[in-house]
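Everything on this sheet refers to the single structure shown next.
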Amino acid sequence: MNFETIGLELWQSTGLANFSPGQAVMMPICLLLLYLGIRRGFEPLLLIPIGFGGLLANIPIADIGGPDGFLGIIYNMGISNGLFPLLIFLGVGAMTDFGPLLAHPKTALLGAAAQFGIFTTLIGALTLSDKLDFIDFDLGDAAAIGIIGGADGPTAIFLAGKLAPDLLGAIAIAAYSYMALVPIIQPPIMRLLTTQAEREIKMVQLRPVKKIELILFPLTVLAACIILVPDATPLVGAVMFGNLLKECGAVDRLAKAAQNELINIVTILLGLAVGSKLAADKFLSAETLGILFLGLIAFAIGTASGVLLAKLMNLVSRDPINPLIGAAGVSAVPMAARVVNKVGLENNPQNFLLMHAMGPNVAGVLGSAVAAGVLLALTR
Amino acid sequence: MNFETIGLELWQSTGLANFSPGQAVMMPICLLLLYLGIRRGFEPLLLIPIGFGGLLANIPIADIGGPDGFLGIIYNMGISNGLFPLLIFLGVGAMTDFGPLLAHPKTALLGAAAQFGIFTTLIGALTLSDKLDFIDFDLGDAAAIGIIGGADGPTAIFLAGKLAPDLLGAIAIAAYSYMALVPIIQPPIMRLLTTQAEREIKMVQLRPVKKIELILFPLTVLAACIILVPDATPLVGAVMFGNLLKECGAVDRLAKAAQNELINIVTILLGLAVGSKLAADKFLSAETLGILFLGLIAFAIGTASGVLLAKLMNLVSRDPINPLIGAAGVSAVPMAARVVNKVGLENNPQNFLLMHAMGPNVAGVLGSAVAAGVLLALTR
Amino acid sequence: MNFETIGLELWQSTGLANFSPGQAVMMPICLLLLYLGIRRGFEPLLLIPIGFGGLLANIPIADIGGPDGFLGIIYNMGISNGLFPLLIFLGVGAMTDFGPLLAHPKTALLGAAAQFGIFTTLIGALTLSDKLDFIDFDLGDAAAIGIIGGADGPTAIFLAGKLAPDLLGAIAIAAYSYMALVPIIQPPIMRLLTTQAEREIKMVQLRPVKKIELILFPLTVLAACIILVPDATPLVGAVMFGNLLKECGAVDRLAKAAQNELINIVTILLGLAVGSKLAADKFLSAETLGILFLGLIAFAIGTASGVLLAKLMNLVSRDPINPLIGAAGVSAVPMAARVVNKVGLENNPQNFLLMHAMGPNVAGVLGSAVAAGVLLALTR
Amino acid sequence: MIVEGFRLMAVGMLTVFAFLTLLVGLMNGSALFFEKFADRFPEPEPDGSAKARTGNTGQDEEIALVLALAQARRQGQRV
Amino acid sequence: MIVEGFRLMAVGMLTVFAFLTLLVGLMNGSALFFEKFADRFPEPEPDGSAKARTGNTGQDEEIALVLALAQARRQGQRV
Amino acid sequence: MIVEGFRLMAVGMLTVFAFLTLLVGLMNGSALFFEKFADRFPEPEPDGSAKARTGNTGQDEEIALVLALAQARRQGQRV
């Protein structure tokens, strides 16, 4: 035993002696995510596990995000194969009420228009990759970046896990951060594209929806998806299975399990595993900046597209649609619908748009799942 | 970009253009399962997930039931290795009260007699395979088909997953459907084999059972199973571990977890994964018709055997046994016991047989688990 | 069909005909564990699943603990890769209040001193292996045995799963049994090393702790661990992630999931899987006796070290510390803190030491996790 | 490759609109159908009596009741 | 192979009956035993006081109480 | 190999003490810091109003309320 040797050995085994510059940079970034989640209420259910997972993944020596590490094991158990995002979607379906959409079907089209942001961003990513030497996205990467515009965490994680696993960390963070920032991103665009008169439009009250319609709805959606976009059926099927459990009334204990224990446990595991992709060597790159920039564009264009289609529909439709609700088509359920409600109330304190906005809001979830299916099929 | 090419490509990527005839036939069959589960109350906890899983498994292109698909992944995680049925059994054990059996031990024999349906059906399957050119069952297939007569979902899925994975879908559906049909299948047989006088037999009231007997019971059963049929110990052990958690009183939080979150989550996953075996190429065959036919026979023979043994026991026993309770020996807990109660009340409105029927009912679970162990050992 | 052959075959398939002597010996040992858990309240949440798992693992023919058996599958799913103990630790973190430690930081050192038992025992194990021909421990084995002195189940299982899987059964049983025996092991040592006057020392009331301190605490601990002992971050990180979920106030549904469904389900699975290591061929050996003996030493030395450091601190500290609380530094949360409280009350019925003892108690959890990290790094 | 991006946009937006348009049609059709045949699909009462109808719940309750009775009887008759 | 089926039936039904017969014997034995030595295995009171006996629950309650007190104290003393 | 054991003890106990000593320092520092700047980190009220501050809970409640209202409206208006 040589004390000098032991001392040196001790020092060399510390984290301090082994920090890479990248890891040192990532630590405050992950702490920022935790701060945003805890203090600012930015999607805390996801950003807190992701941020903490990011801390763990950037610890020197321990290699917690590696294939034999704690987070790497969870990643391989449920992200690389797509299982966890689908189980989350199952729980989301079991918590979602599609009644407002059934009460006013044509607002579903607003949820289609908002997906325009996805594809514009995809082209933007390819252009960026083409113009800038230090950024390099292939088609799969571009598709996974575009899906940020879907404003749907599980869809983005599912697609990124399949098409661009190295970008998964940045994509997930962009998706959840911008979803949390919807109250800041959307209102200026909504105001810019609408007149005061349009924002004051009162919509006709929603018709009552029958229980049998609610029960058949998940099967209807699945049928439409099978007929037109079979590649989207894993995502759409998971949501709709959850929704059938909820609506059918015969299996309440399974519905409650999907809404609670299943989604909570999987959220913890999924968040940690996504955090493992914040390891410095993957996250710290020009690509990440590009992804954050492109994600913002995606949200903006999606919002604008929804609003503009609503205005277009008013040209041909009998019952007027308040174009603000088009902004909810990006999904970001239920935040975007709340933003619509808030902007509506600013213009007319008696104009409650929340339920009207829930229609395009949930349709946007289906719209992005379908877009993800198309992208998965055509870029694989 | 050529619009004609895109149009063709789009069309070729639709589900409509890719439906195989088999898949088209399976869709209404799966919808029927959902209808039976939701509207008719046919074992909804299982048939709804199975039916929905069947829809997903028959979607063209998506290959959701394949090894890399959503359902295929779940299947390989918990059905092919037997884990999910055992965890369900653990939860079943944590929910089962063996008190009625302890209060009247000899009714356990009725749960043994009812297993005669399993072995008759096994021979029937071999005979069918022998006589009909278009049906081909090997010994393992026949054993897995026979176990339908055990009227126990987890046991049937466990055994079929090991011995006849290709037939798993048909076997699970037959098992759960006939369990739901017990109120239709059993009463005619019960009435045919008993006289009015027999059906009116009143049984002596059950003795009180001590807590210590309930605590020792799971260990007693495990001991008997180890001594005689070690091959059945995974199934019997899982039930009895769950029951020990429930009865011992020292680990209520584990018992509640087994009764709720664990069994609910696993039921969702197991149901979906079993549904993956409804893929047309596996399900649509003469074999499936054979299985449905044989399964019905199995239930009928099991019922008859239970009733007949009860009559036989009355020849030698002091305290008379109402032979109706023999029918509960098939298991199908607690449906078969309820049927016994109902038929009993038809003949004597003061004769409550439910608790008396619970004895053979739960003994039937053990009986079929033991039979499954024997079959597993001798046909592997 | 030859009846004699069938009879012989039947007999040969029974457990009775196949019991190995070792298996026959293990059965009463496992029953003893169940008895201790159920009737004596010895860590029932763990010892009941472990004992039952041990019964299953020692059943002849069935090979339930083997790689394709029920328990073997669970073992490979979560013990060999360390996942289950870490998830348990996550739940433990979500249930632990570090307020008492924050209120009186320097008592953390008592949780450091108590780890002396770990390393003494390690050396003891190496000495035993050196002196006795029939006992053979390598360095990894000795480290895993030493960690019994950490008095922390998940840490012990995590480390033994990595360094000495064959000894896992004995190590887990020693750890949990001695944790349950803390009320018997510790008081004599505590009384021997302290004077009546010392045992009557009243400590100053704990200062109030701010919410923000509680929220930052998990991040502080993680930071200290990253800086000094990155190898311990999987264990420490899991506890602290759970604690952050609890304290941050923004994700109550995840915190509740970690405290309930996640930890309960994982406890069931972990207990059964640990039980699989009670298979006779691994458990019945001179090594097991050695482990039980060494584990007891480890607890005793850990207790003594904590008490002695408290006395030493009183020589230099302003506010006096009741040396009894040093005994809580072994962890065994919260049993050891309760023992301290009880011994304190014996000497002064007005002297409530429980909250003061909780500080070293939870610090001991961190201390043993750090020790485990060092051992993992240096013996691998 | 940017050209490929425009192709994806065309295919993708077409598909998304086709899907949701089809869904609008199906939802409208379903609404009309159940409006027309409302008498053949009676709504469950708002007080949740629908739940009582499903075999499952009712049956569990009955069994639970009987088991509780049995337990009480056992405990009451204890010497 | 049908012959093999009959062999399975013989072995299987024998085993099932042997198992459940053994179980009947063990249950009857256990009932007799605990009847005879009822005084040495007192039944827990029906009001569930048995649960209070297990160390686990009692201990958790005590700890929870103390923790709650501590929390209250901390919050009460806040400036 | 026993020598190796003593080496492990030295390294291990040193590390454990270093870690917990560092932690003591950080905890004391944190206590001092938040004592000094207590005005800039107001404590949430003991009645748990802190929870109401996090966007999440409040938002869920609002949505839940609206959904409940909508459901009630739907069921009330049913013909």
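Going in written order, the chains are labelled A, B, C, D, E and F, and every chain counts its residues from 1.
Quick note on the criterion: a contact is a pair of C-beta atoms (placed from the backbone, for glycine too) under 8 Å apart; a residue touches a chain by one contact, two chains touch by 3 or more.
Fair warning: this is a prediction, and the values are worked out from it, not measured in the lab.
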item: Subunit F reached from subunit B - shortest hop count over touching chains; value: 2
item: Remotest chain, subunit E as reference, centres from CA atoms; value: A
item: Taking each chain's C-alpha mean as its centre, the one farthest from subunit C; value: D
item: Subunit C and subunit D: spacing of chain centres that average the CA atoms, whole Å; value: 46
item: Inter-chain centre distance, subunit D versus subunit F - centres from mean C-alpha coordinates, in Å; value: 37
item: Computed distance of Cα centres, subunit E from subunit C, in Å; value: 25
item: Contacts with 2+ other chains: residues of subunit B; value: 41, 44-45, 210, 227-229, 249-251, 261
item: Residue numbers of subunit D (touch at least two other chains); value: 6, 11, 15, 38, 43, 54, 56, 75, 78
item: Residue ranges of subunit A touching subunit D (in the complex, touch as defined); value: 101-102, 105-106, 108-109, 111-112, 115-116, 118-120, 122-123, 126-127, 129-130, 139, 142-143, 207, 210-213, 216-217, 220-221, 223-225, 227-229, 249-252, 363, 366-367, 370-371, 374-375, 378-379
item: Partner subunit C, residues of subunit A touching it in the complex; value: 13-16, 18, 31, 34, 37-38, 41, 44-45, 48-49, 52, 55-56, 59-62, 64, 68-70, 73-74, 260-261, 264-265, 267-268, 272
item: Residues of subunit D touching subunit B in the complex; value: 3, 6-7, 10-11, 14-15, 54-56, 59, 62-63, 66-67, 70-71, 73-75, 77-78
item: Contact set on subunit B toward subunit C in their complex; value: 81-83, 86, 90, 215, 219, 222, 226-231, 233-234, 237-238, 241, 244-245, 248-251, 253-254, 256-258, 261-262, 377
item: Interfacial residue positions of subunit F with respect to subunit C in the complex; value: 1-2, 4-6, 8-9, 11-13, 15-24, 26-28, 30-31, 34, 38, 41, 43-44, 50-51, 54, 56-57
